[in-house]
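Take a look at the structures below.
Two complexes come next, and they have one chain in common, chain A, joined by chain B in the first and chain C in the second.
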Partner chain A sequence: MVVLAALMVNFALPRLAPGDPIDYLVPPDSGIVDAEQREAMLEDFGLHGSSLDQFGRYLANLTRGDLGVSVRDGRAVSEVVVDRLWWSLLLVGTAVLVSTVLGVALGFAAGWRRGSRRDVGLLAGVLAVDALPAFFVGLMLMLVFSVQLGWFPVYGATAPESLTGLAWVVDVIERLALPATTLTLVGLGSVFVVARSSMVSELGEDHVFMARAKGLAEDRVRRQAARNALIPVSTVALLGFSTLVGAATVVEAVFSYPGLGSLAFEAVRARDYPVLQAVFLLLSLVAIAANLVADVVYPLLDPRVRRVGSR
Partner chain B sequence: MRIRLLCIALALSIAAAVSAPAAVAQDDEEVVVRIGLHAAEKNLNPFIPPKALPITHDFTMLVYDTLFWSQSRLDPEPWLAESAEASADLRTWTVSLRNDVTWHDGEAFTAHDVAFTFRYFSADGGPGRYGHHVYDHPVFESATVVDDTTVELTFADPVATFELLPGADLPILPQHIWEGIENPRKDATSLPVGTGPFEMVEYDPGVSYRLEANEDYFLGAPLVDTLVMPVVTDAQAAFAGLQTGELDFVTRNLPAPLVPKMQANEDLAVFEGSRFQSLYLMFNARKPILKDATVRKAMSMSLDLQSIVDIVEGGLAVPGNDTWTHPQSPWAHPTGGHEYDPAAAGDLLDAAGYVVGDGGVRTSPDGKRLAFTLLVNAAAPPQIRAGELVAEQLAPLGVDVTVEPLDAPAIFAARKKSADGPPTVEMFIAVFESHAHVDPEHMFFFFHTPGRGVGGVFSGYANPAFDAILEDALDEPVATKQPLIQQAQEIFAAEAPAVTLYYPNGRWAYRPAAYDGWIDDPGHGAFTKRSFLAPYAKGSSTAAVADDDGGLGTGAIVAIVVAVLVVLGAGVGLRRRRGDADTVED
Partner chain C sequence: MALRPGTRILAVVGATFLLLVVGAAVFADVLAAHPPDRASGAPYERPSAGHLLGTDDLGRDLWAQLVFGARVSLFVGLLAAVIATVTGAAAALVAGWRGGWVDVLIMRVVDLVLSLPFLVLVLVLATYFGRGLQVLVLLIAGVLWARPARLLRGQVLKLREFGHVVAADSMGAGQVRILGVHVLRRLVPLLISQFVRAAAVAVIVQSGVAFLGMGDPGRVSWGSTLYFANNGSAILTDAWLWWVVPPGVALTVLIVGLAFAGFALEEWAEPQLVGHGWRPPIHRRLDDDRGSEPPPGVALAIRGLSVDFDGSRVVRAVDLTVERGRMLGLVGESGCGKSTLALAVMGLVPHPGRVHGRSVHLGDVDLRRLGRRGLQRIRGRELAVVPQAAMSVLDPTRTILRQVAESSALGGHPDPDGHAGTLLSRVGLPADRHRAFPHELSGGQRQRVVIAMAVANRPRLVIADEPTTGLDVETQRQILDLLDELRIELGMDLWLISHDLPVVASRVDDLAIMYAGRIVEVGAAGQVLGAPTHPYTSLLLDAFPSLDGDRRGGRPVPGEAPDPMALPSGCAFAPRCEQRVDRCTHDEPDTMSVGGTLVACHVAGSAIDDATSLGGTTP
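Let's look at the complex of A and B:
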């Protein structure tokens, strides 16, 4: 049901924007397209007929795994998307991983001593970073670490010169560093806040009180509290994946990173419906899957939920 | 204590970085030039409308060739052609071709390819940047191959300027590649085969290109062995890449505010030239009030174009002429100029019965408010700024303009002729490209009463007297064509179907250590084939741009920004026991 609704929205959204692929393919000053030519051109991309016809065709093709042809470059959409998918996974995956680990570490550190200078400092710092728009963070990092320090390249996922072996891996990591850092900083705030508040509430629990009363070492108390506090964080981290894919659009544009975000951005500007549908479909599936995984994993992590569910 | 040490260390490292110029690695053996493209231009398929203006034509012509070069001059140089002779009625042109040309795949280039190209473009008939010059005007009829190096091309009407258009415009295609292709518009990824100075050896769609020198080029091997061309869509990133040494040239025009910074960088050079563009304000003359030439002219007279140039382009552009055409185009009106007289503009409207009403906004004699929406491209900051200035300058006249930034397809949709009436757009700002400014028929093509050319989607301007002059001019040879076009331009200036706001200067930043042969080919700019060919390329850069005003360099600004952040970070840090990486890193 959810997938079908997503399909309909993904189909309708690109078509709601003014302009269509023909406006992109033939700007007004390049010549006049009559109705017949227009229909013929749309037919090239399977975009002819009424919206209902198109939707029916889209669903039928989808069941065969055919995502259509890109208006921008005439290639199969699946090919275009797969080309970009790996870079997105690398970029967003790295950012989710790092922002989760860092967010949890900082969040727990802050929450452990709530109200301390460290807590206030971290909270102010992380929230300040969180409030900065992604493109600004990206540009500032670029200005400092690329232009001034010369440590990292400013564009792309790989060098335009063909590299091989270790040199290629190093180059990919270098080019990943700044966009991934930007995206990490974007995603850090939500993980940090949840980790912190979860730690704070955990510290108020009876079992922590009990542990302390038993005279357990601080380290062991902390470990015990942290394990429980991780549970809500897992949900945020999983959902963060889909949020960061969205934020990646801006970051990828700033760093000319060839991921799905920049693909979607270019596709919007070209009213490339088939590509937009495919990218949105993929993002919807990721979001749905992330929710599903969070729902499935939660009871495994938290026995209390499992018990309630089984009764 | 630690936080203080951290701050000091950071400040020291940044100071060191700010003062140390980036090192540039050079390879003496192979000349590789890395060019940051502002947009991808698919696989240079000439049947797909341009995507990377204004470089489309010059990029395409790195791989392909034309019969003549270039269309910006009245006496173009023979290129693939050795000469072209017209019949007495100017309808048939006999073109003699060079015999020392081969395609990138090794096949010989012959007259058959030229005949095929004209037939193929003319048969396609669809809209396109190139094709319309063989089926719109002049209308191509037939091609006869006389021998391997001679071809006769026949047109339906006299063609006085064949060498310019289509001669210096149409890319000549290899028959053996294209003859089997039914729908040429569909392929945007396969590698093109041309005769040009460079062969495209790699294209990663939307990401990068790699071009290698055609060592057998008939004008000699190009001076650059390899062109590596990543697409760097973000302007900041592109110029940052130039500063870090990752790029050697950026196709994007250097924005005025960055000029001093680039000039201050000793590894980079800036040079200026003309790319024959203009930024214009268009009125949809099919709309009720805008149909009235008095209203349009009054608006034109209220615009202080010099101030727009100063504010939007930092003074580095030429204010527009009321006669539209770029002053350096061979088809420009010799006088030019812009009539700026806000007081007289007000009088014009008063006399025509447009009286000032509520809120200082005028109303037409039939009671409609002079309130318009001005569409500008949201991705082009100069257009947005120019739009705001237009609105500001028209307000005292009693015209209320609302600037609305939209993305390109949305603007195109508004400019498109709808099935049940005229385009919905009222006013828009856009760029008129070099190719259009040098086209002998550009006034005809863009401003003829809807029905011929693209006037219907461009301006909607309708004036039978104007049309008649331009129709007469179509078949005239250059000497008699120019005066006719000038007459039309005078009508244009009086009725203002559009206002040229300014002609931006071409301005490019590059790394001389990587390649220093860049020239300013009039109407083409620096990114053009002649910049890479020994007979034309220069050994050193040309005219410098405006004086270095001693403004803050990027380094200083970064240092200030970082210093502010460090102070902020330290402030936060003092409130805690230990410093953390996240607050100093931003």
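Let's look at the complex of A and C:
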């Protein structure tokens, strides 16, 4: 249902907008192509016929995994997109993982002693880091660690010369470090805030009182509170996925990282509709998939949801 | 509502940052000598008196770009936030108030917008609909409205239920006005915080779009300055210092300002949103020699225990004893301080509460002389509790077997799981329920689990605080029978606390009656029930059908329980007492022995000639 809606939005958006990709590629008054050639080009790109025809063809092709041909360089869109998908998954996946773990740890630490100096300090620090625009963080990290200190390569996902084996892995990690750190800092705030308030409200629950009353040491009480506070955090962490996918566009642009975000950006500039559509579709599907994962993870953390169906 | 000191710092910093940006925007023409978007010098000039921050690759003044950039950011932030918040609020009101398919449709759209990657969506839309700043504002608002819509709808739904109550209460013309006032008052805090948040996101998105070079080509903003800096490879030279850092810091200042101000506003407008965290109790260890030797033959001896909350005394100089082998019942109206007394004994009075007292002896150990860790080691081993609201005290995420085994492990059992299984079977849970989660059990079963946890280490004393609240009569009886059996079987002592006199009366050996934080009468149960000396005890007995079948009862105690913040002078019970004399309203009675029971009452005291004042209980 949501997927279908996403497909329709995805299909409709470019066509609603003013401008024609062929006009963009070949200005209409330049006289390079005549009307007949124009029609042929439209057909090549699947842009002929009525809107309904186009949508039907679009869906049919989609089921075959055919996403059309890039207007820019004539490569199959699916090929172009898949090349970039892995780098995006690596980058965004790393950032989601690290920012979730770090955000939860800091958020719980702050919420456990709410109102203490540690809490206010962490809160102010995280809100401030959260406020830094992604590209500024990226530029600053690059400035300090790549340009001034020279610890990391400046851009790209792999070295231009072909490396193999361990050297390749090391190179990939080195080039991943700064963009992933940037994106982690972008995602940290929302996880932190939710983890903190979730911990605070959990501490008011009766079961935490009971944990103390039955004689558990403070670290055991804390573990029990944390286990329960984790439940609402899981949803937010996975929903943050789509925010990070968006922010990745900027971060990839700063570090010239060859992910889907920078592909979208390139496609936007070139009015490469098929590629843009494919990227947007893929990103939407990733976001929807994150929602599904949240639905699966939730019952693992909360037995109340887990067993309801089986009783 | 006053802000906490930490929040106040955030509010001040946030306001200062915002004023800085607003000031720059308002006085941009005065502050900058050059136009921001036309060349006023040579390209790549270093900072000088003429160009404070030098020039960019086209010779444009960077200082001018910085101050004029504030205008663009504020314009985008405020306008997009206004549109997004108003649209979101409208959608939420329509969806929440109309309900039905309208609600479903709107919320589907909201979910869709929320799940799409944000910045990419704006970028894509900007490509199709043009790059002008006004268009961008609309696009950003078109993506941003979904979040406030979702949050506000939840509030509207709550208010709608509330609205029905108001509508039922207030008939006629005032109704619409009352609803309007209530709805607005309740929505305003959320509206404010969502507005501030939307403004911050709008600023970030606009600068992101501009940084990618996709912004309004005719408009210079902080993002576009950084775009040209990035393309001009400013960070590879020392130009980063005046070309990259200032606009980045400016953006940060604006967004931090919005974030801090938003956080403070949220806490100011709706303090309960942030909630009151539980803090470990303030526990002061007594180091002097006052107090007393442990009385012999006693399970628990409380001497002079008081608890204060924010200046009001909810437990007042209580003396109470659980004799070894004799079950004690403590009865009083809700709010009389009986649960707080139990918490004070356990060392678990929540945060602002303060405990004073001479001594609390458990056997021969004075709990008042133990530190926090020492008390923690006593709990669950020597002293156990079956708490109030036992229905909700189990950890929802773990099986009951694990939770009972956790208690067993505290006592050092070699096989906690096996021991827990035995315990659960003993309290009446069939073996196939041992690996159930709390939510899969009935209230009575959960209560049994809590009892199993309490007795796991054969404590000296179990405090059962309203152990049967919320259970049906038959289950109440079973639970109390179980406690009684276990008491005898394991050789423990039991202290039963309840607001329900009949529940307690037939089971206990000693009975104490509590009123407004004081023990007003205590003695052997038969004596207290058979010949009550305190007027309150008599009235309590009258409130229930008599135990021997004589139907004289059913009359509730007249009047209301006093507010511990404003106790009446003299005897706290005097305003409700039918036998009061002049003295009662200005002179608090001491505890004295009257016919074998201890009682705090002038009338009962003067009735008996040889009344012996025990003195010293007036705080």
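Going forward, the second predicted complex is superposed on the first by the 283 of 311 C-alpha atoms of A that agree within 3 Å, B and C clash if a C-alpha of one lies under 4 Å from a C-alpha of the other, contacts with A are read in each partner's own complex, and residues count from 1 in each chain.
Definition applied: a contact is a pair of C-beta atoms (placed from the backbone, for glycine too) under 8 Å apart; a residue touches a chain by one contact, two chains touch by 3 or more.
None of the values given here were measured: they were computed from a predicted structure.
Undergrad: On chain A, do chain B and chain C fit together or clash when superposed?
TA: After superposition on chain A, which the two structures share, chain B runs into chain C.
Undergrad: Of the two partner chains, chain B (first) and chain C (second), which one does A:V233 touch, if any: first, second, both, or neither?
TA: Touch partners of A:V233: none, neither chain B nor chain C.
Undergrad: Of the two partner chains, chain B (first) and chain C (second), which one does A:L132 touch, if any: first, second, both, or neither?
TA: A:L132 contacts both chain B and chain C.
Undergrad: With the two complexes superposed on chain A, say which partner A:A180 touches: chain B (first), chain C (second), both, or neither.
TA: Neither partner.
Undergrad: Regarding the shared-chain residue A:V96, is it in contact with chain B (first), chain C (second), both, or neither?
TA: Neither: A:V96 stays clear of chain B and chain C.
Undergrad: Regarding the shared-chain residue A:V77, is it in contact with chain B (first), chain C (second), both, or neither?
TA: It touches nothing on chain B or chain C.
Undergrad: Regarding the shared-chain residue A:V251, is it in contact with chain B (first), chain C (second), both, or neither?
TA: Touch status of A:V251: no partner.
Undergrad: Is A:R271 touching anything from chain B or chain C once the two structures are fitted on A? First, second, both or neither.
TA: both
Undergrad: Touch test for A:M140: chain B only (first), chain C only (second), both, or neither?
TA: both
Undergrad: Identify the partner contact of A:L281: answer first if only chain B is touched, second if only chain C is, both if each is, neither if none is.
TA: Once the two structures are laid over each other on A, A:L281 reaches no partner at all.
Undergrad: Just name the clashing stretch of chain C against chain B, choosing from 5-13, 23-31 or 41-49.
TA: 41-49
Undergrad: Quick check on the output: what are the common chain A residues between the chain B footprint and the chain C footprint?
TA: Touching chain B and chain C on chain A: residues 17-19, 117, 119-120, 124, 128, 132, 139-140, 142-143, 147, 253-254, 268-269, 271.
Undergrad: Please give the residue numbers of chain A that touch chain C in the complex, ascending.
TA: 2, 5-6, 9, 13-14, 16-19, 111, 113-115, 117, 119-120, 123-124, 127-128, 130-136, 139-140, 142-143, 147, 197, 200-201, 203-218, 220, 224, 227-228, 231, 239, 242-243, 245-247, 249-250, 253-254, 261, 264-265, 268-269, 271, 276, 279-280, 283-284, 287-288, 291, 301-304, 307, 311
Undergrad: What part of chain A is in contact with chain B in the complex they form?
TA: Residue list for chain A touching chain B: 17-20, 23-33, 35, 37, 41, 44, 72-75, 80, 83, 102, 106, 116-122, 124-126, 128-129, 132, 137, 139-140, 142-144, 146-150, 153-156, 160-161, 181, 185, 188, 253-256, 258, 262-263, 266, 268-271.
Undergrad: Write out the stretch or stretches of chain B touching chain A in their complex.
TA: Residues in contact with chain A: 13-14, 17-18, 22-23, 32, 34, 36, 42, 48-50, 126-129, 132, 136, 183, 185-189, 205-208, 210, 228-234, 236-238, 240-241, 243-246, 379, 406-417, 419, 436, 446, 454, 456-458, 554-555, 558, 561-562, 568-569, 572-573, 575-578, 580, 582-583, 585-586.
Undergrad: Where on chain C does chain A make contact in their complex?
TA: Residue list for chain C touching chain A: 4, 6-7, 9-10, 13, 108, 111-112, 114-121, 123-130, 200, 204, 207-208, 211-212, 214, 223, 226, 229-230, 235-236, 240, 244, 248, 251-252, 255-256, 258-260, 263, 274-280, 346, 348, 376-381, 384-385, 387, 389, 392-398, 406-407, 410, 437, 439-440, 450, 453-454.
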